[in-house]
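Below is the structure I would like to discuss, written out as structure tokens.
Chain IDs A, B, C and D follow the sequence of writing; residue 1 opens each chain.
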Amino acid sequence: MIRIAPFGRVLAVAAAASLALTACGGGEETATPASSAPAAPASSAPAAAAGDGVLTIGALLPQTGDLAFLGPPEFAGVKLAVKEINEAGGVLGKPVVEIDTDSGDTKTDIASQSVDKLLQQNTDVVIGAASSGVSKTVIDKITNAGVVHFSPANTSPEFTTYADKGLYFRTAPSDVLQGRVLGDLIVQDGSDTVAILNRQDSYGNGLADEVEKSVSGGGGEVVVKTAYDPAAADFSADVAKLKEANPKAIALIAFNETTKIIPELKKQGLGPDKVKIYFVDGNLADYSKDFPKGTLEGIKGTLPGAKSPDDFRQKLLGVDPALTDWSYAPESYDATILSALAAEAAKSDAGTAVASKLIDVSKGGEKCTDFAGCLALLKEGKDIDYDGLSGPVEFSDAGDPSEATIGIYQYDGENKYSNITYLSGKVAG
Amino acid sequence: MRRAVIAFTAFLGALFILLASPAWAEGESLRGTLQNQGQPVNGVKISVTSGDGQPVGEATSDAEGKWEVPVPAAGSYKVTLDQATLPAGTVLKFKDRATLTVQVFEGNYRNVLFALASGDAAGGATEPDSGGSRSAFWTRVAQLAFEGLSLGLIIALGALGISLIFGTTGLTNFAHGELLTVGAFIAFVLNTTVGLHLLIATPLAVIIAAGFGYGQERFFWGPLRNRKTGLVSMMIISIGVAMFLRYLLLFLFGGENVPYEQYVAQDGIELGPIFTTPKSLIAMGIEIAVLIAVGLALTFTRLGKATRAVSDNPALAASSGINVDRIVRIVWAMGAAVAGLAGIMLGTTQILNFQMGQQILLLMFAGVTLGGLGTAFGALVGSLVVGMFVQISTIWIAPELKTVGALAVLILVLLVRPQGILGRRERIG
Amino acid sequence: MDWTLIFIRAVEAGIGTEAVIYGLAAIGLNIHFGYTGLLNFGQAGFLAVGAYGVATTVATFGLPFWLGIAVGLAAAVLFALLLGIPTLRLRADYLAIVTIAAAEIVRLVVRSVALQDTFGGTDGLEAFSDDFYGMNIYAPGSYDIGPIGFDHRTMWVLTVGWVLVAIACTVVYLVMKSPWGRVLKAIREDEDAVRSLGKNVFSYKMQALVFGGVIGALAGFLFALSRAATQPDLFSTELTFFAYTVLILGGAARVLGPVLGAVVFWCLLILVKTGMEEAVNHQVITFITVNQVGSINYMLVGLGLILLLIYRPQGILGDKREIALDAR
Amino acid sequence: MHAETVNRKAEALAALASVPSEPGAPKPDPILVVDNVVRRFGGLTAVEVEHVEVQRGSITALIGPNGAGKTTFFNQLTGFDTADSGTWTFNGKPMNGVSAHQVARQGMVRTFQLTKALSKLTVMENMRLGAQKQRGENFFRALVASLWQPQEDEITIRAEELLERFKLAAKRDDFAGSLSGGQRKLLEMARALMVGPELVMLDEPMAGVNPALTQSLLGHVKDLREQGMTVLFVEHDMDMVRDISDWVIVMAQGAVIAEGPPDTIMADARVIDAYLGAHHDAPLTTAEAEEQLHQAEAELEAEIEEKA
């Protein structure tokens, strides 16, 4: 009847830390790094993660979760840009390294683990995440590591004022613009009583407030604005609340849960045939396989981004032949190109260096529209103004594009959407 | 040569951008359409003055009720509708909003809406729906009560299985939620991949689910019980089973919401104050029928009496000649079948997702505990109460907290009356 | 297939933030389930209460960091009391259902839309870890022991984490060696016997619940601070059942069981995960996509929990005779 | 302790000599007084005792057929089950509604029908568990070993003495689970003594014990009385009761139907009725038994012929 001698346990407790270090390492010498700890605590300024000469771009984009449908075009945008950059000689003489990771969604913990993986492979610029909610959960970790957090699709107004140590940029316009265009569209369609049903996160709330401002500014009245839990099992209660206010139009600010909300709306007599429903960039997707024909006919929606030119679409197909959706591909492409140009301008791939040059590269100086052209101008020591495929991309001090284009789309009988028109405008107005 | 090509594509790119945003060139203007219950209202004078009162321009609505007043530059303007020019019988819906201050943004027109309604000039707009707000409340209560009944029935089907399995084997099965999801996805495979119509796929799937339940008991839980595995270990094992099954389904079917082929977004039909879809009614019909059938079987058939005997006191039942193992296998088969049916009903009325079973697991436990663990009829009553409570509570608390209400009730019941409504005192031991 | 990357990643995971967090959560659980036999399925609730205690105090109300820690601990004690009063007289399966319900209530409340101003709704809270990282004794830069390396922020989290694990283990060792521990072990086997000897069983179970809960709150602090953000959905039931697997793998009712369990669990889990991801990326395995690797992992944990309980309920360190997993 | 060998047994018998042997008889110096305790399960009345008293310093047996409500009555008095109504006092202090562990702290310590020796603790740990007011049982003091170690050592010495007396010293460090049935009963009794009780309530101490061990158990029960404790024990084996108990209380169908010294109780018709069922006839002689057997066989044969 052997019992572990008490003395053995005391020893074990003292060695808990070293036990941990050797448990799997198999004979790693256990010099804990504490011995080499210098005294001065790091100041709150971003740690100057020294650049290693190679510009490493970490793509943190959705492979799973609510926004999985936005993943492919965004990954393709980044891959195309990296291909073109490396064809034109790469950055600081070395080819750009791209690492793909999954950003998942706020329901899972994948984004944080992916960012750990990226930071450990000393990434300089993180392109992502697609959803504002996910970006919010990793922004502190990325910016505190002195790495640029560059999102192609975050539209929540919160990021304009977020304390990001000057390291957060985006090529998608703040929802101030999309909200204004959508509100104006609703007023134009003559619905005086409007309901807003939005998912409860920084993206949903931000866009809902902007749409409400725009609708009431144009004379319409928002009779009910209710946020819902995106992971709810059913939406009957939320829709019942909407029905009580009996609106003429409903702005549905949602992601993948749209496939649950639309049937519920139809069930409670608020279907697209009875009420004008509007989608946004979060749920403007191809639903031909999700709903029977004609379910979404007539629904209008907004999506930031100008019309991506056909040759750009061909080049994207070259990178990913299975592409069917183009949302935010131009923005991902522009984000990657801008990062490369900023690194060239700053002569260093370190995150803080890239950040310091990004605004400068995006405006003022000679206009150029692709990496090779701009690189040539930079080599001649000129100040450049990169105009991308997603728009003129003129960064404000907060790292937002000051003006952009919003597309208005409408669904046909096949539950596919096609463009009606594009509206451009200044975010500041 | 390469330089020339790059320059040319740059020029082309710029051209595209210009073309792509036609709205760019259009000057700023204010416009709108005047409608009363969908009919255009013409001949109404709209005058626009700048922020400090300088008149900018006037317009009268044309045959389609449209009007437009160009404005010199972006900025805020006052738009006034001259009520005198309103045709007889149409009046401003909101008296105080004859003048609106509207912000026009650079490079964009701005839509303005004057809500009109029918009614005599003096009395002001007759509010068609103000009286409605009281009746809207009751329709909402009725709608929620109906939804509560529908949810309650689904929970009851699940809770029935939990209660009988607990009764006969003492096992609180935390993997029971997954039995719902498995049943639903078996039907999904039969419905989509095999291509059977849902009405054929459902009974088949229920039979396969019954087989799965029988197999689980025969090859897994039975042998475990014979090895005298303790109840606590069995409970933790059931958690392992739950996690394994849930993520197997994620592995096979992905995380997105997937619908069945038939009966997706049906149009709502109106039954007095309640809006519902035919499929919900049919589903509830089937559920009620099955519950009654199981109830009758339990009370009157020999097998039913034996099941209740075993669930009341397994040792006594065994000594009086009942083959307990056979009964337990049948209970598992029936529990899995009924749970599978609940899963399919949930999948048709809402949508399929790998977590749908787990999301209502706690509601099923609440139903069973409220009704009294181990009594099948208690579980029935408890589940209906829980279902109704969950939905109706959304009138007072926010919709996404509705499950919290039910869980709080579960804990309160255990505090006050642990044996539940129909349970017997010594059962809680 | 880059095997070195796989092993480095596995070792880093074995001593990384995940192992520390789950180690602490499992130590708390060991007090509940291992020593006292309380089938607490709501350990995720204690972590959530701790994490949101510090996050809300600092991020929403802008109060100092240490006050946040105090609030987190106090909230854990309060949660234990609220949880204990209705449940400690109940049988194991009722206790399991109520604790899992209580943890879900905490999660649903902190993610609710109605309270999004205080708890940040589904996005959760950010900007509360600056003070914590301000105390970082490591200068910026990365610290490596051979191929295994962490940046200074992770080093700080790990140092604090492993020190907390050591302190928790010492306290558990001392307390379980004492008469207090003896009463707990007796309660695990038969409450009535202990009552007949004049011990207030309810109060001991409550003390155990509070003690284990406070350690759970410590794990919650590390969980939030290592991510510099809290999200409500991280505190799901999966977290509790991962902690159970860690505890049972290491050996319930053993002081070092949870620690060893956490290290071995995360070492193996990440070994398998990175191995599969590498295999998929290098087309060695073609029939699955990289997204499905995550789900396979969870399946393996579920399977592992089942096999452990059937064939080795006492885990690595445990002693078969002493492990009676049939708490009353 | 053994210096002045006061003969406790004689003292108790003398005190009880004057007590009339009828149910509820008042005792000269009662340690425990019980008034109309009632406990019902659904319609069934399990216990209904108007009045009963237990003499201090005596060994009182509580006997009655299976299902008479003895153990339920025990559970009411010791707080393990809540009585529907009734009051009872111990050393004058009212005890109804007092929780089980408080009852034990007052000095009323019970054992269980199915012995509850804690098999996963060692024998010594079982014994130490019994000790009262242990400083080491407070969470914060437990952290500092020096605060409770001295008291722990005292407890260990006392425990060793008791183990010596109960001949369990050899098994000191084994898991209690490895003890035999009889040894567990001894351990449970020894552990109860560690509490330092005034009234020891043994629930069927002899049940399932091999006859050789019964004598030593009876000896230990007598020792309890020698050390000034009062013993109330439940037993349904009349012969066992006769030679060690000073007083006997008989229960049937939940009520106390008789009280008195063992000899008068043995002869009391009501007690015999209670044990063998009201409509019994004199115990069968072997001849009568055989005759009945033949009759039954004849009937059976007739039945079979009829059917065939």
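To be clear about the criterion, a contact is a pair of C-beta atoms (placed from the backbone, for glycine too) under 8 Å apart; a residue touches a chain by one contact, two chains touch by 3 or more.
The UniProt protein names, listed by chain, are A = Branched-chain amino acid ABC transporter substrate-binding protein; B, C = Branched-chain amino acid ABC transporter permease; D = ABC transporter ATP-binding protein.
Quick caveat: nothing in here was measured; it's all calculated off a predicted structure.
Participant: Return the chains common to the contact lists of chain B and chain C.
Facilitator: Touches both chain B and chain C: A.
Participant: Specify the chain most distant from chain D by Cα centroid.
Facilitator: With centres defined by C-alpha atoms, farthest from chain D sits A.
Participant: Going by CA means, which chain is nearest the middle of everything shown?
Facilitator: Chain nearest the overall C-alpha centroid, as shown: C.
Participant: Using the stated contact rule, I'd like to know whether C-D or A-B comes out ahead in C-beta pair count.
Facilitator: A-B
Participant: Rounded to the nearest whole Å, what is the centre-to-centre distance of chain A and chain D, using the mean of the C-alpha atoms as each centre?
Facilitator: The computed centroid separation for chain A versus chain D comes out at 75 Å.
Participant: Could you state the distance in Å from the CA-based centre of chain B to that of chain D?
Facilitator: Roughly 61 Å separates the two chain centres.
Participant: Averaging only over C-alpha atoms, locate the centres of chain C and chain D and give their separation in whole Å.
Facilitator: Averaging C-alpha atoms per chain gives centres 47 Å apart.
Participant: Using mean CA coordinates as chain centres, what's the gap between chain A and chain B in Å?
Facilitator: Measuring from centre to centre gives 28 Å for this pair.
Participant: Would you mind listing the residues of chain D that make contact with two or more other chains?
Facilitator: 175
Participant: Which residues of chain A are in contact with two or more other chains?
Facilitator: Expected reply: 64, 200, 228-229.
Participant: Show the residues in chain C shared as contacts by 2 or more other chains, in ascending order.
Facilitator: 111-113, 177, 291, 324
Participant: Which of the residues in chain C come into contact with chain A in the complex?
Facilitator: 10-12, 14-15, 19, 111-113, 116, 121-124, 126-127, 129-130, 133-141, 143-146, 148-155, 159, 162-163, 165-166, 169-170, 173, 177, 227-229, 231, 233-234, 255-256, 259-260, 263-264, 267, 290-291, 294, 319
Participant: Could you pull out which chain B residues touch chain C in their complex?
Facilitator: Listed in rising order, the residues of chain B that touch chain C are 166, 172, 174, 224, 227, 229-233, 235-237, 239-248, 250-251, 254, 358, 362, 365-366, 369, 373, 397-398, 400-401, 403-404, 407-408, 410-412, 414-415, 418, 428-429.
Participant: Along chain A, where are the residues that touch chain B in the complex?
Facilitator: Per the touch definition, chain A meets chain B at residues 64-65, 68, 180, 184-185, 187-188, 190, 192, 200, 217-221, 226, 228-229, 232-238, 240-241, 243-244, 246, 256-257, 259-260, 262-263, 266-269, 271, 273, 290-292, 295, 306-307, 309, 311, 367-370, 372-373, 376, 387, 389, 391-392, 405, 421-426, 429.
Participant: What does chain D use to touch chain C in their complex?
Facilitator: The touching residues are 78, 80, 99-102, 104-105, 109-112, 116-121, 125, 128-130, 132, 134, 136-139, 142-143, 145, 148, 152, 175, 177, 191-192, 194-195.
Participant: Which part of chain C faces chain B closely enough to touch in the complex?
Facilitator: Where chain C meets chain B, its residues are 37, 39, 41, 85-87, 90-94, 96-98, 100-102, 104-105, 108-109, 111-114, 237-238, 241, 244-245, 248, 288, 291-292, 295-299, 301-306, 309-310, 313, 324-327.
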